[in-house]
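In the part that follows, the structures are each spelled out as C-alpha cells.
Both complexes shown next keep chain A, but they swap its partner, so chain B is in the first and chain C is in the second.
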Partner chain A sequence: MRHDDTTTTEHPVLGSPARRLLTHSAVRNGLAAATVTAVGLLAVYTVDDFTVGSVAMLTAYACVAMGLTVLIGGNGQISLGHAALMAVGAYTMALFLEPRTTALREVPVLSVALALVLAVLVTLCVGLLIGLAAARLRGPYLAGATLSFGVAVPGLVTYFDHWFNGEQGLPVPPPDMPTALDNALWLPDRFVALIGVVAVGVTFFVLANVKRSAVGRHWAAVRDDEIAAQLCGLSIPREQVTAFAVSAATAGLGGAVLALFLQGVNPHSFDLRLSLGVLAAVVIGGLGSLRGAIWGSALVVFLQKVLADMDVDENLPSASYGLLLIVVMLAAPGGIQGLLSRLGDRLPRRSTHHQGDN
Partner chain B sequence: MERFILFTVNGLTLGAIYASMALALVIIWRSTRVLNFAQGAQAAASAYIAWSVTDVTGSFWLGLAAALVGGAVLGVLVQQTVFRRAESMPPLNSAVVGVGLLILIEAALGMLFAVDETRTIGSAFSTKSYQAGSLPLVSPQDLFVVGAVTLTVVTLGLLLARTAVGLRMRAAAFAPQTARLMGVQVPLMLSLGWALAGVAGGLAAMLYTPTATELVPTVLDGLLVLGFTAAIVGGLDSLVGAVTGGLACGLALSYTSGYSQPDLLLPVAFLLLIGVLLARPQGLFSSSRTRKV
Partner chain C sequence: MNRTLRSRASRAWARTATGIATTVTIAVTTTACGGAGGGSESAPGVTGDTIKIGSTQPLTGPVAPGYAKMSKAMAAYFNYVNDNGGVHGRSIDFVVEDDGYNPTKTAEKTRKLVLKDKVFALVGAFGTAPHTAVLDFIRQNKVPDLFPSSGSVSWNQPDIYPDTFGWQTDYIREGKVLASYVKENFAGKTVCAFGQGDDLGADGVKGVETVLGKDGLKASEAYTATNPDVKAQIGKLQASGCEVVVSFSSPGFTALALGTSAKLGFKAQWVVVSIGSDPVGLTGYLKDDAAALTNGLISSTFLPLPTDADNSWIKLFTTINNEYNEEQGLDSIVLYGYALAYSAVEALQAAGKDLTREGLLKVLGSGDLVGPGLTPFAFSADDHSGFIGTAMTRITDLKAEIISPVYVTDDGDGPVEKYDGVAPQAPKGGISK
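After this line comes the complex of A and B, so read on.
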C-alpha cells in the first residue's frame, strides 16, 4: 500500500482514481470479504439438505482457522489447544441462550446474535489470560502448554458439572427462523449455515484489516525477529498477548457457531481431534493466509464428508489429512494458498504494486 | 492412612510410567532438538504390536519384547522418513510434523485394527496388594512397573554417561560439526537416540495400557501430555529431571484425583506445567540458560 500524494499528475501505475480506490487496502479487504460472504451465501442457497450441514461445519472451522492462522503464521505462536477456546465460546452460547428459550424451544435471532458477541468477548478474556502465560513460552514449550490446556478443559467441564452438566453437556436451542425462510421450508441447519457464513465474512474482514494495520505488522515483526522488534520499541509480550487474544476470540466465535449447528455442547465435541483438525486446516491452507485457512477448512471438512459418504474406513479422513500435514510442511510450507500465489505470480500482473495476500 | 498409602503407591507407580514417557521425549529432545508429539502414537503402535504377538503366542513377555523392539524400529523409521527433513526447519514446523504423524499413526492403527474386537493388555503380575496386617501396601505389578522403569533409567544413564557410544551420542547432539570431524557417525548416533526413545516409549505403553479399560489408538494421548508435563517440569534436558518430574507429577496427580476428583487430573497437570514454566522456564533440572522476555 503506497499513497503517492506528492505527485500532482496521475500516477503512472496506480492510474485512475477508481483504480486507486480499488488498491486501497480497506476497500480491497472489504471486496474480498464480500466475495467470501457471497460465495458462502451462494453455497447456502444452492446445496442440498445433506450438504448444508457440512457448510455449517465449514463456517465454524473457518472462523477458528482464520484466527489460528493469524496466530501461527502472523505472529509465530503455535496453539494446539484451540478446541478448548472453542468450548469456551460454545458453553457461553449455551448458558446465555438457555433462559431465553421460547415456548417452542427456539430462541429469537437477536438473542443468537447477542450470544455470538458475548461468546467472542468471553473467549477474548480467556485468551488474554492464556496469552499472558503463552507470551513467556517459546516453540515446543508453547506447543506443549497449549496442548495441555486443550486436554485440561474437558476435565474442568466435567468437574463443575452443576454449571455445565458434566458429560451430557448442555443443549443449544435452534434459532427462531424468519417467517420467509420458514415458509421456504428451510431446515435449521441451513439457517445456521447462513449465520456461519456471515460470521466468516465478518471475521475475514476484521482479520484482513488487522493484518494490514500497524498491529498486524507489529505481530509480523515479532514473528520474524524478536530482538529487532524490541529495538524498534515494540513490547514483545504485549504483541503476543494481543495476537493470542484476537485468535482466541475467533475461536470462541467458531465454537459458538459449532454449538449452534450441533444444537448442544458437551466436553467430547471439543477434544484434541478438533484442535488438530483445525491446525491441519491452517497448515494445509498455508500458514498466515486467511484465504488459505478457508481452503484448508473446506478440504478438511469435505474430506471427512466425502469419505464418510463413500463408506470407506472411518479413519481414512484423519489418515489423509495427517499425511497431508506432513507432506505440506516438508514439501510445500506455503500450503494451498502458497501454490495458488505462485501460480498467480506466473501470470502477467497489471499492477506492479504487489499487496501481499490475505 | 490407608488411603494415603494407597495414593502414594499409586502415585509413584503412575509417576514411573510418566517418567518413562518423559524419558522418550527427553532423549529425542537432547539428540535432535525436536519435541516429538508423535511419541504417544508411536507408543500406541508398540502396544498394538505387543498385543498381536501376545495374541499369537500367548506370552506376555514375548509381547513386551516385541513392543520394545517395535518401538525402537518405529522410532528409527519415523526419524529417517520424516523428522530428518524437519530437523533443519524452525521448531514450529517440526511440531506440526509431529502432530501430523500423531494423527496419521493413530488413524492407521484404527484402520489396521478394526473396532469390532475389544483388545486389552493384561498386567504382567497380580495387581492385588501385599498386606501388612490390614494395611494394603504394594502389588507385584507396582513393583514390576517401578523396577522396569528404574532398570531402563539406570541402563540409559550408564549408556550415555559411561560408554564410548554414549559419549559419541552426546557429542553428536551437542556439537555435530566437531563430532563429525572427529569421526563420529552423527546420523547413526541420532538414529540411535530415536531408537532408545522408542524403547522407552514402548515400555511406557506396556505399563500404562493395563490401567486403561481398552487398547484403542488414542489410549496414550493423555500419557503423552502427562509425560510432556513431567519432561518440562524436569527441564527437558536431563534424564534425572525426567524421572523426578515424572514422580512429582505422579504423586501430585494421584493425590489430586484421590482426595478430590479424577476429572481434575489433566487440569491440575496443566496448572503444574504452567506454574513450573512461569516460575522456572528452563525446568527444575535443566542447566540451559533461560531466555529473558
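After this line comes the complex of A and C, so read on.
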C-alpha cells in the first residue's frame, strides 16, 4: 500500500528556501482550504432543500474522513471505531445544548459554536485515552481494539440510560438562525450545512498544516519505520497518541455536525456501518490525502443516496463499499486523489513524482 | 533552473488542476442529486385528483418481522378508498419509506418524503425512537403529522409540536389502566415492571407508578431493543420475588421474556401492554410453546379484537383484507394499520374539498373525529393525544378475549374510570363521510 510521502519530496538541506517553502505551503494550504470552503458554500447556496441535507451529511463525513486519513495514511495506525468517537462528539453536543434550549426549541448560534469547540475538546481527550491503549497495539490487534471500542460505546450509552436516554437518544435543538437567513426562508438544514462547510474548511486547513509541520513529519517517520524513527530520537508512543488524539478530535467535530443535522443523537446512528463507511471513504479517496478524503466522502454519501432511492437491501451500501475497496486497491491503490494527481502530473510533462499531497 | 523547481512547478499545476476538478465534480454531484420537481399548488402534495401522503416504516431490520405488515394494511385500505371514489374525488398516493427502525435513516427518509416527494402529510410514521428524531424537522416544515404508530406521550405537545397528533392510547394512560386492574385483582402481590429502554418503558412505568405510588413497584427492569438477551433482567425480577410483572415490551421481547422466565423457572402473572401481546405475533416467536407460555397472560386493547367476528369494524376490515391484502391474515398489527388508515381518511374527508394543511389541523383539533376504537379521542385545540383508554384482555389457548369494561383516564394523575359511552360502528361503505 503506498502512502503519500511529503517528507521525501522536499530538499532537506536548503535553509532559507525551505523556510520560504514552508510559508509558501501554509499559504497554499490556506488557498486550498478556501477553495474547498467556497465550493461548499456554492453548494449550500444553490442546491434545493432536499439536496442540502446530503451536503450536510457530506461535510460530517468529510471531517471524520480527513482525520482518519491522517491517522491511517499519515501515521500508519488503523481505527475501526471512529463512529464511536463521532458519538462522543455528538453526545457532548446534545448534553451541552439541552439546557440552553429556548421555549421554541432552538439554541443561540453562539452556544452551537461553543458546543462544537467543546465536542472537539472532549473527543480529543477521549482520543488521548484510547490512543494510549492503541499505541501498544499493532496491525490486526489495533483494528480489533478500536473495533471493540466502536461496539462498546453504543452499549455504554444504553447502559447509562439516565444520562444518555438509552436507545431513544437525546434531542439536539436546531440553531436559532440569524434574522437575515430566516428572512431568506432558510430551513435549519441549510444553516447546518453552512456550519458543516466551515467545519470542513477549518479541518482541512489545520490538518494540511499539521501534516507539513514537524509533527506531521514525525508521524510519517513513525509510519515508515519505527526503529529508524526511534533512532532519530522520536518517542513512538507519543507520536502515535498525538496522531490518534488529533484524528479523534476531527471525528468529534464530524459527529457534532451530524448530530446538529439529524437534530438528535442515538446509539443506532453510530454503529459499525458508519465506521466502515468512513474507512471506505478514506481508502477510496486515497490513503493519506485530505482532498481524497473529501472525494471519498462525496462518493460514499452519493452512493448511499442512490442506493437508498433504489429501495434495495439495506446492507447493499456496505456491500458496495467493500466491493469498491477491492476494486480501488487492485486498480488504483492511490485512490481517486492518486489517479487525479497522476493525471495532473502527466499533462504538463512526464514526471515520476508521487501522488498528490493534501 | 533545475529539476527540483520545474517539477515543483508541475506539481503546483497538478494541484491547481485537481483543485479545479474537485470543485467542478462536487458542484456537479451536489446539483445532480437535486432538481426534484414539485407542484406549485397552495397545499403541497395535493393536486386536482391526488393526495400524496407518506410514512416511514420498518420494512427491513430488527422489528420488520413483526411490523412490516402494518403499512401493507394501510396501503390496502387506501387502495380500497381509491377504488370507491377516493377522498372528495382525489385518490390517495401512499408513499412508504423503509427506515429499518434506525432514527438516522428515519431522519433521511422523512426529509425525502417532505422535501423531495413533497407529501401533503405524514401518516402513521412508525416507532417511538425513530419518529421522535424528526419531530423538530416536522415542526420546521409545518407538515401535518398524523398518528405516529406508537403510544409515546411526546406526540401530545401542541405548544411545541402543533403539527403532530397521536392516535394509539398513550403508554401513560395504558400503564394507569393496567396498574389499576392489577391493584384491584392482585391486591397484596409483589408487583414489578419490565420495559423497553425508551418512552414505551419510561411512560408506561410512569403510568403504573401514578396508580401504585412511587414505591408500588418492587423492581423495574429495562431491556435494550437491539440486545435479544433478557436473562439478566428476568433473573433480577425473579430474585426480587415478583409475582405480577407489568410489561411494556414489543411482541418479540414479550416472547423472549416469557421464554426466558420458563427456562429460569420464574412463574409470575404477566400483564403486557396492548402492542406487545398479539397472540399471532407471539406464536410466530414461540412456535410450539406459544399456547403453554401465553395461557392466562393479561393485556389490554383500545381497538376491537380481530377475532371478534361480529364487530362491524372487524367485518369491514376483514372484507377489505380479503380483497386487497389476501395473503395476510387479520391479526392485531394488521388491524392497527387498517384502523389508523381509516382515521386518517376520516380526517381528510372532514377537511373538505379545499384541502389545506391548516384545514386538516383544524379538523383534528376540533375533536370531531370518531375513529374505530373502543374509546373516543382526546383531541382538542390543546390536547393532541389519541384514544383515551383501553379494555383489559386475557389470552386463553392463543385467543384473546375482553375481560373488563373499557377504562378511560388522562395522561396526568387523574382517576381511572369506567367508560359508559358506546363504541362507534363502522359506516356503511367503510369510508367516513
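In this section, the second predicted complex is superposed on the first by the 320 of 358 C-alpha atoms of A that agree within 3 Å, B and C clash if a C-alpha of one lies under 4 Å from a C-alpha of the other, contacts with A are read in each partner's own complex, and residues count from 1 in each chain.
We take it that a contact is a pair of C-beta atoms (placed from the backbone, for glycine too) under 8 Å apart; a residue touches a chain by one contact, two chains touch by 3 or more.
Everything quoted here is computed from the prediction, not taken from an experiment.
Residue contacts after overlaying the shared chain place A:L272 against chain B, while chain C stays out of touching range. When the shared chain is aligned, chain C comes close enough to touch A:Q168, but chain B does not.
Within the superposed three-chain model, A:I72 lies in touch with chain B and out of touch with chain C [touch as defined at top]. Using the contact criterion defined above for the overlaid structures, shared-chain residue A:V246 touches neither chain B nor chain C, since it reaches no partner.
Partner contacting the larger number of chain A residues, of chain B and chain C: C. Once chain A of one complex is fitted onto chain A of the other, the partner contacts of A:M86 are absent, as it touches neither chain B nor chain C.
In the superposition on chain A, A:A221 makes contact with neither chain B nor chain C. When the two complexes are overlaid on their common chain A, residue A:L95 makes contact with neither chain B nor chain C.
When both complexes are overlaid on chain A, the residue A:T158 reaches chain B and chain C alike. Applying the stated contact rule after C-alpha superposition, one finds that A:G322 touches chain B and leaves chain C untouched.
Residue overlap on chain A between the chain B contacts of one complex and the chain C contacts of the other covers 154, 158, 313-314. Per the touch definition, chain B reaches chain A in the complex via residues 29, 34-35, 37, 82, 85-86, 89-93, 95-97, 99-108, 110-111, 218, 221-222, 225, 228-229, 232, 236, 261, 263-267, 269-270, 273-274, 277-278, 281, 291, 293.
Those residues of chain A that touch chain B in the shared complex are 72, 76, 78, 80, 133, 135-141, 143-145, 147-149, 151-156, 158-159, 236-237, 272, 276, 279-280, 283, 313-319, 321-326, 329-330, 333.
The residues of chain A lying in touch with chain C in their complex are 11, 28, 32, 35-36, 38-40, 42-43, 46-51, 53-55, 57-58, 105, 154, 158, 161, 165-169, 171, 173-174, 187-189, 261-264, 266-269, 291, 294-295, 298, 302, 305, 308, 311, 313-314, 337, 340-341, 343-345, 347-349, 351, 353, 356-357.
Chain C contributes residues 4, 6-7, 9-15, 17-19, 21-23, 25-27, 29-31, 33-36, 60-61, 98, 100, 102-105, 107-109, 111-112, 115-116, 128-129, 132-137, 139-141, 160, 196-199, 222, 224-227 to its touches with chain A in the complex.
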